[in-house]
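Each chain carries a letter (A, B, C and D) given by its place in the written order, and its residues are counted from 1.
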Amino acid sequence: MSTHRKIRMGMIGGGLSSFIGIVHRIAAYIGEEYTLVGGAFDTDYDKALEFAKKLELDPNRTYPNIDTFIEKELELPAEERIEAVVVVTPNFLHYPMAKQLIEAGFNVICEKPVTNTAAEAVELEELVAKHKVVFALTHTYTGYPMVRQMKAMIAEGAIGEIQKVDAQYYQGWINPVIHDKEKRASVWRLDPAKAGQSCCMGDIGVHAFNMVEYTTGLKTAKVLSDLNTLYEDNPLDIDGTAMLRFDNGVRGLVRASQIATAEENNLRIAVYGTKGSLKWEQENPNYLYHLQEGEPMHVLKPGHEYNSEFAAISTKMAPGHPEGIFDSMANIYLGTAKAIRGEEYIDGAFPTIRDGVRGMKFIEAVLASTADGNTWTEIDD
Amino acid sequence: MSTHRKIRMGMIGGGLSSFIGIVHRIAAYIGEEYTLVGGAFDTDYDKALEFAKKLELDPNRTYPNIDTFIEKELELPAEERIEAVVVVTPNFLHYPMAKQLIEAGFNVICEKPVTNTAAEAVELEELVAKHKVVFALTHTYTGYPMVRQMKAMIAEGAIGEIQKVDAQYYQGWINPVIHDKEKRASVWRLDPAKAGQSCCMGDIGVHAFNMVEYTTGLKTAKVLSDLNTLYEDNPLDIDGTAMLRFDNGVRGLVRASQIATAEENNLRIAVYGTKGSLKWEQENPNYLYHLQEGEPMHVLKPGHEYNSEFAAISTKMAPGHPEGIFDSMANIYLGTAKAIRGEEYIDGAFPTIRDGVRGMKFIEAVLASTADGNTWTEIDD
Amino acid sequence: MSTHRKIRMGMIGGGLSSFIGIVHRIAAYIGEEYTLVGGAFDTDYDKALEFAKKLELDPNRTYPNIDTFIEKELELPAEERIEAVVVVTPNFLHYPMAKQLIEAGFNVICEKPVTNTAAEAVELEELVAKHKVVFALTHTYTGYPMVRQMKAMIAEGAIGEIQKVDAQYYQGWINPVIHDKEKRASVWRLDPAKAGQSCCMGDIGVHAFNMVEYTTGLKTAKVLSDLNTLYEDNPLDIDGTAMLRFDNGVRGLVRASQIATAEENNLRIAVYGTKGSLKWEQENPNYLYHLQEGEPMHVLKPGHEYNSEFAAISTKMAPGHPEGIFDSMANIYLGTAKAIRGEEYIDGAFPTIRDGVRGMKFIEAVLASTADGNTWTEIDD
Amino acid sequence: MSTHRKIRMGMIGGGLSSFIGIVHRIAAYIGEEYTLVGGAFDTDYDKALEFAKKLELDPNRTYPNIDTFIEKELELPAEERIEAVVVVTPNFLHYPMAKQLIEAGFNVICEKPVTNTAAEAVELEELVAKHKVVFALTHTYTGYPMVRQMKAMIAEGAIGEIQKVDAQYYQGWINPVIHDKEKRASVWRLDPAKAGQSCCMGDIGVHAFNMVEYTTGLKTAKVLSDLNTLYEDNPLDIDGTAMLRFDNGVRGLVRASQIATAEENNLRIAVYGTKGSLKWEQENPNYLYHLQEGEPMHVLKPGHEYNSEFAAISTKMAPGHPEGIFDSMANIYLGTAKAIRGEEYIDGAFPTIRDGVRGMKFIEAVLASTADGNTWTEIDD
């Protein structure tokens, strides 16, 4: 490992006023596999420089915009050039910036949502393949060790054939603003120009959907949804249910809401199989519940030898010292680092553009289903 | 209270081989308001007499069948006659026997399901009104003090206007038999002749539905369901989801399954309102979770003065000594006793034929919705 | 089973104003093994008669006092005579009344505390042996199925050799009255004349102690305690800790408090062995936690085939329908019924005068230890 | 904030084979307030250089030992010199190395245990005062936001006057090795030369003790302990209980064990006051339970406005995205950074040498108490 070097990381967005930037930086720091060397942190260049100074970054690699970023970095010799670029801009910019970066040959670590439309996601998928770059989509929850344990157990057949899946993501944050006409008109997440086609399904329903396909390996063939905007003048869904039919005929359910008053990030998934079941909840992420007919319920926790290799490499501490959401994100960064270095990694070590394509297609399908009067709507590959 | 006498109770079914009979007797004993004086306990009259002997009941009031029961009891003077008859026969007999009893002027305490069809339930409702008898339907879960507290708090406006309801009843009991053709063919609950039109929705989905209307006071206007029989040769649903639209436009969800492997009686309900939310789970029935925006979650328990009168009269012990399912059923018997005696009682003190009508209409509507290709199906009053 | 008859039960105390009487009656009703036929329910005979009328009991067997009760019942032929007498009088009367009843040849079911002193308990133990009666002491918590499962698993060696025991019983009920001199002076539980030698240890610490010896089968050889009266003018302990040394050298701990503000009946026990551990909590009594090195935690629940016979016969419902404290007490009544009938029963099916002797010796030892400056104090057999 | 610079951090120990080094580095990274510039990472200098290369540190500031570290760093101008040194060596070296560093004028962040004896801790306390350096002792659990919320609420009088404290730290890790004579002889934690005077109390009991004094602000005046070595040939305690008497007469309890089979890091604390109570558990650190007489239990979580400023500044995410043990440690690093910069900070923002002195005195007192036959032993200031 003597030639092992940290991956040179850049960042688009994520400056002083960003909430999400620090989340990504911490995730990168935790594994000690990345070093932040530059970026286009802010549309206000002075603020970008101030941010760079605070983090003691080289001001010469603090760029005023993504174009300059790409131009200047490409002028550097490969062994100095930024290798991975984190995209943490406002949502509607994910697609154009990711596209530019991929086309310039950079590996990309992109915040969710990956694009504004499914078509754009498909386009990115083709570009990723064409330019042979690594593309990681930070569906954070897939980094939790017990989610990975769930995926590994299902793959190994621990619960037999899957016969029912139920996933939920309930929040209540919009309740205080949704009932007042003025207030709801000023929420960016309810503005299609900024938030895209969907609020609830686009922001959180897609997480529940991703958990379903991520942990089970099943592919959703069609959906029937009932989305709710609550008020006629509100253009975007803030609550909804989607019935799923997987391509093997098994039924699933994605339930999401932002009017589940005072819920925080109540994401949970239950997968029921012929031999047993697995249940997990995001707010208590270090517990995985394994139910089996006629057996005491088993409660699995990270750090134990009974866990799969995938869970094991996603855990830093011994059992009983809880890790959290930053550690989950860090696991995604670790997986991405392996891919960037061309090392072997376990399938699912980081969500890819494939997850992005599936998610966008899901969003568009549930929107179409409701628009069509709650009818079954297919999701192609 | 010097003239207060115990209510003379009879029982149809419930003999030596019955599981459910003892549940009802215990419920009746607990409140000390009923005394079991006779019945038609078994189709095998010798066994009925043996049962009567075991319980030290009068063999003269142990009847060979319901016809004799009615005939002989009506010959007795009113002050000796059985006042309330518990119907705990096999399901398909609930309707004809209840009908006979009502027409003969007896008050009836009937196990669930109330009838085989919605039309029969409507007929019973008319007969109950005509004959001015008390009719209690033992939707057991409505007797839990914290369910009653939930109902009372919602009625008082504690959570504001309801904007979302989600109820679940997940079991796994059918998993061990459903995957084998021979086995599943021999399950009485999967035989329409014995089990009626529906297995999962009829047996447990209707409980979740009842909890929804019971606690919220909302009325379901239409449903869109996706029921699942799993195998083509299996005639009855064993899993399913129903989207609800209440008559005020609010959305709800009833999720039920018998293939949720190794789940026991995982019935839970969450009601989200503009001011807060309430959540309850049947397997930990002494906890009620009250969520409010920006407030610590409140956990309510029985026996405290902060509870409503309805919860208070449904609790026998001081806080911290858990009561269970028999105590819940006993609360329904206590409420019924008040009605039989003509005393005042709190609305919801026992489920009535109205609950039976609503439940049967729900079952028929979800069956129709799935049969019609998962379309919205109305439920009339 | 044709000659099987219900046990004729009498009651001393337990009338209209009694809280505990109904608890015992419900426990007796639930198993359908007892029938209440008479008693001396109240020191006010008119009230006793009113009570008898309410329960529709024979007024001729409603006696003005225990002396008449014994005299008149003994005049009856054996096949009519009351067979088991429940003693639910104020605490200080348990001993004299139990003594009278035993000496008259009655089986006794006695509320806790069994006596005022250890010497009295020893005397009762001798009388029970001499008169060959059944004596049940209602340490209610021993009736929970998961407590019995714990006892059975430990006996079978499921957790290996015990190496540490920790039991707690925390309540907060005295907090609202203890800090005011007037108020605390008027609490009967703080009055030695009514409550006996101890408040906290006598009332609840002894439950924790009983759970320790009941579940483990270990015998406590000595204790070192630190009891707390909080105020100098308060004569009785309301909080305290006792270190235990069992006769095999293993250490244990009994922690009890009535100033654990807002705790309800937070009784819990953890038993750690060389091969695994078991933990149980009274307020969630249907869960038993089984920990083993390097294994997922197992959560056991009642009604499953993996449970011991002892737990199985202590459960009425299928898994997932929670039973509670009344069902626990009912299990003790069921065990006692077997003993009264001379049938075989599992050891521990009901707490006996032995539990009473051990408990009283524990109470006296912890009082002595604190009085002697927190020193080790032996408990003889 | 334009002149704000990252704190230059060094590390003694913590190299390739260290488990604890990465924990401290992550804690330092998370807040973006420190930059690791050098250290004496390993007694094997080649490995130290390999480690430095892996982290891309300056090999010139990778020193072969602490003497060189101090010598060379002191030669550097103040604005380049390492400002804070993390001591993560084997336990017995904490004291001599911390002493050297303090005397050389470095701020120190030291792993637990701070020293081998109380006298050494007192000496360090004097040196810290004399040399006016910042000394942080990483009692990690004090960094959890809900622990800090607990401290803040108690200080504000939310639970009134404290009347009972009960803290526990139960682990089971030693069970697999303790019962075999060979194995236990080879455990370094059971070797006084390496582990110091105590195993269980020194390693984890002191955490529980620290939590007690940290959250309550009470000072322990004396202890009575019962420590357990389990085997005669085992020199150090692996289990024990300590009764506490605070200087205001209130009672407390510290219970610790390493033979609590299959427990992981079951640290919990309950503080009972005249107006209410607070309870917290390390393995579910994002929940704080607030009990009040006659009120529903309140469950507090991080990220809400109802929390104190102290909890607020110790939380990065919005409610419902769980943070973990690394975030807790990071909060201690953030507090220490403020002290190093001379900025104001909330009392308790990081544990200091005072915590170290108190902890060592506690350990020596519980050892003395058991040695003296379980007698009260005073702890001076």
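What to note about this one:
Note that in this section a residue touches a chain if its C-beta (ideal position, glycine included) is under 8 Å from a C-beta of that chain, and two chains touch if they have at least 3 such contacts.
Bear in mind the structure is a predicted one, so any value in this text is a computation, not a measurement.
Looking at chain A and chain D, the chains in contact with each of them are B, C. Relative to the C-alpha centre of chain B, the farthest chain centre belongs to D.
Averaging Cα coordinates per chain places chain A and chain B 43 Å apart. Inter-chain centre distance (chain A to chain C, centres taken as mean C-alpha positions): 55 Å. One finds 35 Å separating the Cα centroids of chain B and chain C. Contact of a single residue of chain A with at least two other chains is seen at positions 263, 294-295, 297, 301. Taken together, the chain A residues at the contact with chain B in this complex read 159, 163-164, 166, 170, 172, 175-176, 179, 224, 226, 228, 230, 239, 241, 243, 251, 253, 255, 257, 259-263, 270, 272-277, 291-295, 297, 374-376. The touching residues of chain B, when paired with chain D in their complex, are 290, 294-301, 304-306.
Within the complex, the chain A residues that touch chain D are 1-2, 4-6, 22-23, 25-26, 29-30, 32, 35, 50, 53-56, 171, 263-266, 282-286, 301, 316-327.
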